[in-house]
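Shown below is the structure under consideration.
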């Protein structure tokens, strides 16, 4: 066991019961939003979590922050399993893991001033910062690039980007050891995004906080993360050190994902060959048998019947640092064409 | 699908000349300003925007968070009418001034002539009505049709935006849809009346790159079919590079630079645009610190007298004589490339080389 | 759905048992001695003792309670040994005061309370939601400020003040309305619905003034919040008419808190609008309950308390069902 790990997640699962109609009894079916996710995160490190919309990234993050109860699996913080905490213990734990939310609109109470919103976690945890709560809040406002004069403003007076900074100020107010950042910079322009990313990295250097960094912008993920995990339909399909994963993506989904990153260079963009995935993410209520990616896998179509059969009937081993969750990873289509 | 704009057969249906308006442009925005009275004072969210757009074109708007991109688009949609916002200036859309047009006239245009797609499709869809109902509703406002016809049209549209088994999906609620599907539903809703102008405010920000690629393809495809104009607001310079014909860069409620996409990327003229380009992490960049533009945007309650960017501009000294702090530069357009900066020719070459 | 109803019925029964037990206990601890009250002016200790037997109060507390509860499911005999009489199901006991079946007393009082509740409810919901909505639509205008001001006055006026004021002005001074009489307790009676409305108008207004103030405030705040939601912007961007935007998209989404309040208030009101019934001397449940409580008439007090609890709980279930009907994301469990 990695003694350095501040956070260890083992076989984490979240199954949502499916709603029956109003007059029909509730079915026994479930949505497998997260289905057997494992990773570990060392102190002061950042794990980037990427993947298709709806693949379970936020759900994973929410479980780690214990805003949601896991259906199964373990979450170890400093070696202590927090997946079953409740009551007082859960309250004390809140200080250790904070979350920055994806949707700055929904996470702020429209009737609360921004100052009050930022002070809320400190009040809830009965923390009295030196110099008083109000001056600490103003300091936090400045730290995230807002102005002290914003203290008494209401969220609707802010642009999307400004609201997101408020969320960041709120999350760092308790000096947690892990922060789950759920798309913290999606709403920001590239310059402010750069400021925030720098800010997050500075905070990490100073305090040793570890981040789970969920984002769709792969260039930011690449910049901030030490490790990257790629999710698809509730499972991690590939994970590894940032450099390896970006240089040599081995799972067909990761390959498609990286190829689709829009290039901020018009000429290059015109030349770009994207791997287009067809259709939508299958329903997590009714995932495909065998490999969950097989319905859209570009590699699948190039495989021989026997190999395809393996994709259909066998579930690949969970992704590890050594290998992605694919039976045929490493066989690219060109190589395959030669084989057949 | 009916061609909204007659075009000679065999020719690409783009950039057709428009019926004569004052300037002849399809959409012509002149000196558009929006101010919000608040308890703290007057917030100048948009300060004299000028731009124009032709049919079949895609204009990307990028810029600082809070620089007034969304407010501009809301002003164009007339969504600020009936609020405390003070909108001045002109926005001529096919000769009609959207700023002075009364709410009732605006309502005729909304949805039918100008469609809009919002960033967060979950909060932008009504949680209590089925997706199909909401799309059919958009159809029924502007078309004399029966409920059944509206349903058929909505199902058809859902299919066209790539929703599998649209007939069943019609009766599902937004919370049953994935993020990407919700955004497709939003697009279906905005496009069902085939508007000539589509405004998309960060349509793919909440989506991963593979879905983003699908949505962008879809929007380009549909735009080509209807020869509509598209205004795309985004923070993603990659998206801009990929699908926009021209770009408008906003800062502090003003257009600071505008022009064809290649010129903005390869012949950057304004220090703020340059700063944006330099802030980007790229897939090939090594780690370390990013290079954001230092400092904070000006308070919109109290804009500086001179150049709005002067407090953060590295090159203010280069322009000489404190002119940046005392004099607000005008938007100067040369060969379709506009910039709002006191720096001139050789000085700009200098700043670009410091990149 | 079926499961939902089963579960709710189960908890309903449990709650009613709890409420009855608490009322029963409180009553035992209370100072009133029903036996001496029942035996009248010239009382000898023997007659008090007789009365105790007649009222069943010679049994231990728990036996009394169990006897009482038995009556709720089957007929039972009541009275001193030898002088028993049958009390038909549902037996809520017999009044200590008049020896009448409590169920008859309730049946007599309920129409008055219903008359009061239904009219007041309609009046305050319509005025509260209507004015709240208007204020939200005209946020910041003089209309808004006037409505909000009036609401804060309304909520601070106690019922006796409004009630007596209304009585004084409209009945004593202006002679516009009749005194509330006990002859009319339903719109279907011989005097017809109009007489019923006139008869109850004042109590309705008195109640509505108090309640609608809260509805105005809740409606206003919620509607303002809803009108700033993204989906309202979407609705406008489609080119929908303002009426459609306001009602179809706005009100439906913003009304749920009002539905909750309504559920609570209906339940409470059916339990008896005590003060209002007193002031306008309407012999409804509240009026009867107060009289019974003062004279130590346990069975009547018990019955009305339990009825009130029953109404509150049923109203809650109805609220949940209404929620599910309004919001497709709600699941009933």
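For clarity, chains are labelled A, B and C in written order, and residue numbers in each chain start from 1.
Basically, a residue touches a chain if its C-beta (ideal position, glycine included) is under 8 Å from a C-beta of that chain, and two chains touch if they have at least 3 such contacts.
Not measured: the values here are computed from a predicted model.
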- What is the shape of the graph in which nodes denote protein chains and edges denote touching chain pairs (line, ring, star, complete, other)? complete
- Note on the structure: Dominant interface by pair count is A-B
- Taking each chain's centre as the average of its Cα atoms, which is closest to the average over all protein Cα atoms shown? A
- Approximate Å spacing (C-alpha centroids) for the pair subunit B, subunit C: 55
- Cα centre of subunit A to Cα centre of subunit B, whole Å, reads 28
- Message: Please tell me the distance, in whole Å, between the geometric centres of subunit A and subunit C computed from their C-alpha atoms.
- Response: 51
- Query: Which subunit B residues sit where two or more other chains touch them?
  - Reply: 120, 123
- Residues of subunit A that touch two or more other chains sit at 105
- Item | Residues of subunit C whose C-beta touches two or more other chains | 230
- Item | Residues of subunit A defined as touching subunit B within the complex | 50-54, 102-103, 105-106, 145, 147, 149, 153, 157-162, 183, 186-195, 197-198, 201, 216-220, 222-223, 246, 256-258, 260-269, 272, 274, 276-277, 279-281
- Message: Help me check something: in the complex, which residues belonging to subunit C touch subunit B?
- Response: 140, 229-231, 233-242, 249, 252-253, 326-329
- In the complex of these two chains, what residues of subunit C are touching subunit A? 1-3, 221, 225, 228, 230, 324, 331-333
- Task: Could you please specify the touching residues of subunit B with respect to subunit C in the complex?
- Result: 74, 77, 79, 84, 103, 107-112, 115-116, 118, 120, 123-128, 137-138, 141-142, 173, 175, 186, 189-190
- Query: Which of the residues in subunit A come into contact with subunit C in the complex?
  - Reply: 19, 22-26, 105, 110-111, 156
